[in-house]
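Consider the two complexes below, in which chain A is the common component and chain B and chain C are the respective partners.
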Partner chain A sequence: MSYLLKQLAREWRFLLRQKYLVVLLVCTFVMSGFAVFSGLSEVTQQKQTIERLKAADLTDLTNVQHKYEDPGSLAYYSFHLTYSSPSNLAFAALGERDIYPWKHRLNLLALEGQIYESDAQNAELAQAGKIDFVFVVSALAPLIVILLFHDLFANERTSGRHDLLVTTAKSYFALWGARIAVRLIAVIVCLMLPFYIGTLLSHSALADVGFVTFICVIYIAFWTALSVWWGKNASSAPRVASTLIGFWVLVAFIIPILGDLVINKTVHSPKGGDIVLTQREAVNDAWDLPKKTTMDAFVASNPQWKDHVDMQSEFEWKWYYAFQQVGDEKAGELSHAYRDAAHTRYQLAGIVSWFSPPLLLQRTFTRLASTDALAAFRYEYRMRGFHKSLREFYYPWLFIKGNPPKAALKNMPSFKKTMLNEMDEPEVTGVKLKENLSVN
Partner chain B sequence: MTTPTAINKTPPIEQKTFDKHVSNTGAALNDTMIEVSSLNFSIKNNAILKNLSFSVAAGEVYALLGGNGAGKSTTLKTLLGFNKPTQGSVKVAGKEVTQALDFVRGKTAYLPESATLYPHLTARENVEYFLSLADIKKSDEQINAAFNRVALQRDAWDRHMQTYSKGMRQKTAIALAILREAPIFLLDEPTSGLDPVAIDEFNQLVRELALTGATILMVTHDVYGACQVANRIGLLKNGELVGEYDAPQSGRIDTEQVHAAFGHHANRGA
Partner chain C sequence: MSINNFSKVVIVAKDEWRYWLRSKLAMTVLAIGLVLTVASVIVTAITMMELSHTRHELQATSDKSFVDQPDRHPHRMVHYGHYAFRTPSPLSTLDPGIDAYTGNSIFLEGHRQNSAMFADSRQGTALTKLGSLTPAFIVQTLAPLLLILIGYSGISRERESQTLSYLLSQGTSGATLIAGKGLALLSVVALILTPLTISALFTLGSGEGLLAVASFVLGYALYLIVWVLLILLASSVFSKNSGSFTALAFVWILLCIVMPRVASTTASTAVSSAGKIETDFAVKAELRKLGDGHNTNDPAFKQFKQSLLNKYNVSSIDELPVNFRGLVASESEAKLTSVLNKFAEQRMQAELKQTQVSRYFGWVSPMVAIRSLSMIVVGTSIETHHRFLRETEQLRFDFVQGLNKVHVEKLSYQDDMNRNADTAATQKARVSAQNWQILQDFTFNVDSSKARAQRSIPAFLQLLLWIAVLLGGIKFVGRRLL
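== the complex of A and B ==
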């Protein structure tokens, strides 16, 4: 056995004889295992929900198409499932998927109300409360590292062994190097082993697993180096621990919380509820307005239908859907402000993350797992694109052609079919998506 | 009062011969193994050691005697390379400590004042652990022999050290030092806190080690113990060597003489 392995083997046996370290490592493994298990359960549940809704969607759509022939009723009663499937790595970093919606059933009615039924907070900075793998690694692992390393030197000094150890050891590595390496390896294994099992079960890409391993090892090594450096010349383990824990609380909680407060104070955003209310009031008011007023507003933004807006009766579906779209347009300004604010917050949170390693890790991880705010924005972008394609499909039948034949319904857009390529950019009114999505 | 087993088991010191020219440690007897010359050590302009000079030869027990704050432990730490001399030279086994730290530490067995080994390990496990740190492999028989030599009770060998008395811990640490086969022993207040029987046992052991050619430097404030075991005593006061006493042909230093000098200097410094 080589000299190096001999030193590591001795320190490994020595570590196993220290019960508190073993208990700490077992707790780490259990915590990581629980986080991976709950992440896998959540992702499985989301996937099952999507599959269940897909099947239900198909049945509903078939029933509606069987029951109705006119395009207005078809559009009114047909709901279309849109969804954002969790990535294979989502189990490890659920990210914003429990804040931002990942499924919607849309119909041809006004879109804004359908999107903003629930308001999203600035969840990017919300650290505590979600026990997924990235939370365990980013927020809890530093505490474990501190507990493992804070007394590495101080304990030996206070017990009077330090000088004996140093003068006995053949080299610096034989003692401190091996001790640090063994503890570091042990904590990394305890943290990462459940993750690797999770990646096997979720069929994650090897490159992603490699990258996650790389950033996690760098991150744990950073906290280890900090703990070792800070404790190297100290003779009081509690003092070392309290200083390091203070730093941990600062970067893991105080900076993100303060960042959140500052961002919320500086970036003003309308509430999702205000958008819904504006859109719905516009729609409700339209019932009492002269039809010409609505149609003029509609034609102003949709001039291609200007020759087909005359009405023959008191109620026509084209008028009904026109005022739905006008409702969307009236709420458009608020909606844009909301999305702009969300993007600005995301950008500012990125700046804050440079002062908070846990936040930076979480941000990097959720980006990789496509569970961050950007992924949620992209899903919304796709929803808007899909809703646009629904209007493009129905409007010719509503405004000109009348009842669509059954064969034509086969060309009805589905979310899966119209899922936009990431390089595509539909002309969604006022959405500065391309530039915003390119923001890290 | 029970008779200490160590004294019964170990041969009387007078039976050992001292006429070899080469010690068991490989160094020729009377070779200078520790040489401190004009050593000065300061911390933030505060002089801790002042122009300190002394030497210790192979087979010799040198006691550096002094009160609290005299600079005894600082001298030991400088010999072990924990302190860098502000001025002067510190040589161990012929090498400058600051230039050959690993070599010096390899030649040195250090016994701290409170030899607290790992309480959750047995004496044997502790010894094995520390030997492994030094990259030394010893058989169970060799470890047993060392335990026997320091008169550590057999039933304690495989017991966790948290149940040990200070004397037993000292013996274990000495056993470790013996197993390391280091030619130089640096002992920091080795009898502090020991009961009289344990002190006798310890002194006996130190004399035995010296007879095998080991170089022993002990720092202590115990005048009586130093006179019992040392060939020479250096009196340290406020970082200065203020007196040195050689053992006469009888092999014993006059305790009263040193005590008087120690008290005199202590009073003068007060």
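== the complex of A and C ==
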């Protein structure tokens, strides 16, 4: 044991004496630290935004409920906040949250006209991408590892020490094993330490932290093994590194780019614009159509209201909301195809990512942190469910009961309540989600 | 430099090429680089042309369906609304920039400013998070790496194989040697830039300004020159090939991979910009003071009503020669729009400020500088998107007010008030579909090439500063090569 420690201690002293190794490791630590710090502040900002929105939303809703009595106006002027909070692990993998919207305000009007609104962040910053922990590990760590390990053998060869070292060393491990171990541990510590501090601050689940540690160590070990193996018989360090960096470019850029091209060519999706155009035409045409046409279409999908669709005047709110829903239903097929295409693309991208370790890591990580496209689909699905519960709340008042008393407004659904009800259900993921997405 | 010296430089450059031609690595790298550049130019050109075509078509369909609407109450058309599509600029075939990250269509209707919808990135595979097959990405990120792989050993190789002292003692000055190696690398730069330049020149045919094309090519040339100088410097400073290589690879990671992201992360942390939903609350509070334009009895319009009665010298709104409801709609739309514009302007300013912060990083990373320069010159930067938002807002306001004018002048107040009485009354409260011709054809054009070139001056200065500093550094070490 003490022999082993002695070897490691010697290599550790060697490492400290090589300035460029120290610079590399310090830079790794700084980058990882910056990524974790900025990730934490981003997540805090998002959480604070949601809190502010919740408060403002409540005030606004109370105002509207004071001002209006009839269910039609209430439904027209009441907006309801929907949102998707960042998870405790989101700081380490900000994922797609800068691309997919995570907050909306919905009312009872046609959903297809509202759901594509995006309260996105600065597009020019989104295009550059953010630096988060998963980026540091998946994209930068391989490069750092390559720079740390590519010259392990070549360096000794060019200095003419290689053969002497090999013949005088007690064992293979005593020489190379200790050197590799020290560098590997150093780089892992530099990478992971800021992450652990981040998990402490954000109260991440221990199981998640363990799993992240596991995949990160495997990932870094993979790149280490590759670099060591490739550099074993080489005498020119730059040559080794060139090939390794070339491999990195291949798996990080080229394969994903080609995969993306192929997927986009094979998966056809309706144009988003067509969905809203269809929906708008349907809703606007309804004004000129006989009321019966609209109501018949409405009753076809909502038979429980069939005895209450007669109208006394040329404008009634129940008809207004009925044609809103009919508009949604008309666009439904396109909307499903649009969502299905997005989902198919996501799944195909999963296959491509098996050929690209950096993307595989990002995908696994963002899934764990619920910041990927799937989480965004899930949020959209929740919004649809919430809109449905809004309709279920308003329709009895609109079709039968007339003005709701103020006390009844307490039962108005809120996004938070809808989410709480969902907690009993098992987590919807993968294929299961696809089925559920097809429910309006 | 005398003729004699120049021919020496050329000899050194030729010799470097001879070395590359014999090296498998250099040739592979060069071939890959050229294939990638050419492929990206072709693929992106096709994609962007398709996009441009689709959006032109969608715009035409949208214009037509508006004009083709049947006889209606004019206010129905205000809510029917209109779609505007952002057609990409000709040069965006070389750098799509933020095109995929902002919605490319916007729904224009009365009383509201909607955000742009359907960003392509949301239908994407998330596979191109690290990089995409666009000429911009290839030349900004990968080309420097290729240059490093080819050129890292330019001087250090001579030193390591001990030919350097021989060369210098034979009367070749350090400066000549470095210049020669530099010339060889510059010829590689020219090779990489050729497909880019040809493609850029093609856009002149589609109406792109010469100034923009020239700035674009010059910007990329300057950027790659920065890398040539960095490579020459590292190669001259380090005594070993491996040292030069490690240093350059590390610098590349920092400048090309890390810095752009640090810039955007810092910008969004340093300058917070409230989202649209959040500012909408403030907008709503301010709008509440203005009154609801659908409700003529809203107390907010009392004064307006009185001034109208005085103007036409009548005692009740029924006697007015014009439609009071239309006037209220028009009046409230104008007031509302000024409020909406105020907040929209604030939001755009905040975004611009954020972007500005990230662009300052161009002083520390030439990659950030060329990234902004490229997007600005091409017309795919945030400024272009803001221009789109402003122009579509103008379009929105014009057609809504056009419809309100029709409402005021062509529909009588009595018919309007009775519109919900029965089917016949509803039919009567309509105007002819010919009135829908008020819609102006919308084609989005980016800023003039002069304006874009002017906007890119800071980024040019950033690149020029890099070049000046590096030239100084090389001059300094050039005298002490041994």
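In this section, the second predicted complex is superposed on the first by the 407 of 440 C-alpha atoms of A that agree within 3 Å, B and C clash if a C-alpha of one lies under 4 Å from a C-alpha of the other, contacts with A are read in each partner's own complex, and residues count from 1 in each chain.
To be clear about the criterion, a residue touches a chain if its C-beta (ideal position, glycine included) is under 8 Å from a C-beta of that chain, and two chains touch if they have at least 3 such contacts.
The structure presented is a predicted model; accordingly, all values stated were derived computationally and were not measured.
Student: Return first, second, both or neither, reflecting whether A:Q18 touches chain B, chain C, both chains, or no partner chain.
Tutor: First partner only.
Student: Considering only the touch criterion stated at the top, classify A:D163 as touching first (chain B), second (chain C), both, or neither.
Tutor: Only chain B is touched by A:D163; chain C is not.
Student: Please indicate which partner A:G259 is in contact with in the superposed arrangement: first for chain B, second for chain C, both, or neither.
Tutor: In the superposition, A:G259 touches chain C alone.
Student: Classify the contacts of A:R10 with the two partner chains as first (chain B alone), second (chain C alone), both, or neither.
Tutor: Touch status of A:R10: first partner only.
Student: Which of the two partners, first being chain B and second being chain C, lies in contact with A:L175: first, second, both, or neither?
Tutor: first
Student: Decide which partner touches more residues of chain A, taking chain B and chain C as the two options.
Tutor: C
Student: Using the touch definition from the top, list the residues of chain B that touch chain A in their complex.
Tutor: 77, 80, 82, 102, 105-106, 108, 110-118, 120-121, 125, 129-130, 132-135, 173, 176, 180
Student: Give the list of chain A residues in touch with chain C in this complex.
Tutor: 20, 23-24, 27, 31, 34, 38, 41-42, 45, 49, 52-53, 56, 60, 81, 96, 99-100, 103-105, 113, 116-131, 135, 139-140, 143-144, 147, 151, 154-155, 158, 236-239, 241-242, 245, 249, 252-253, 256-257, 259-261, 263-264, 269, 271-273, 276-277, 280-281, 284, 287-288, 313-315, 338, 341-342, 345-346, 348-349, 352-353, 356, 358-359, 362-363, 372-373, 376
Student: Under the definition above, what is the set of chain A residues touching chain B in their complex?
Tutor: 3, 6, 10, 14, 17-19, 159-161, 163-171, 174-175
Student: Which residues, counting only chain C, touch chain A once they are in their complex?
Tutor: Touch residues, chain C against chain A: 25, 29, 43, 54, 58, 61-62, 65, 69-70, 72, 76, 79-81, 83, 85, 97-98, 100-103, 105, 107, 114-119, 121-133, 142, 145, 149, 152-153, 240-247, 249-250, 253-254, 257-258, 260-269, 272-278, 280-281, 284, 351, 354-355, 358, 371, 375, 381-382, 385, 419-423, 425-426.
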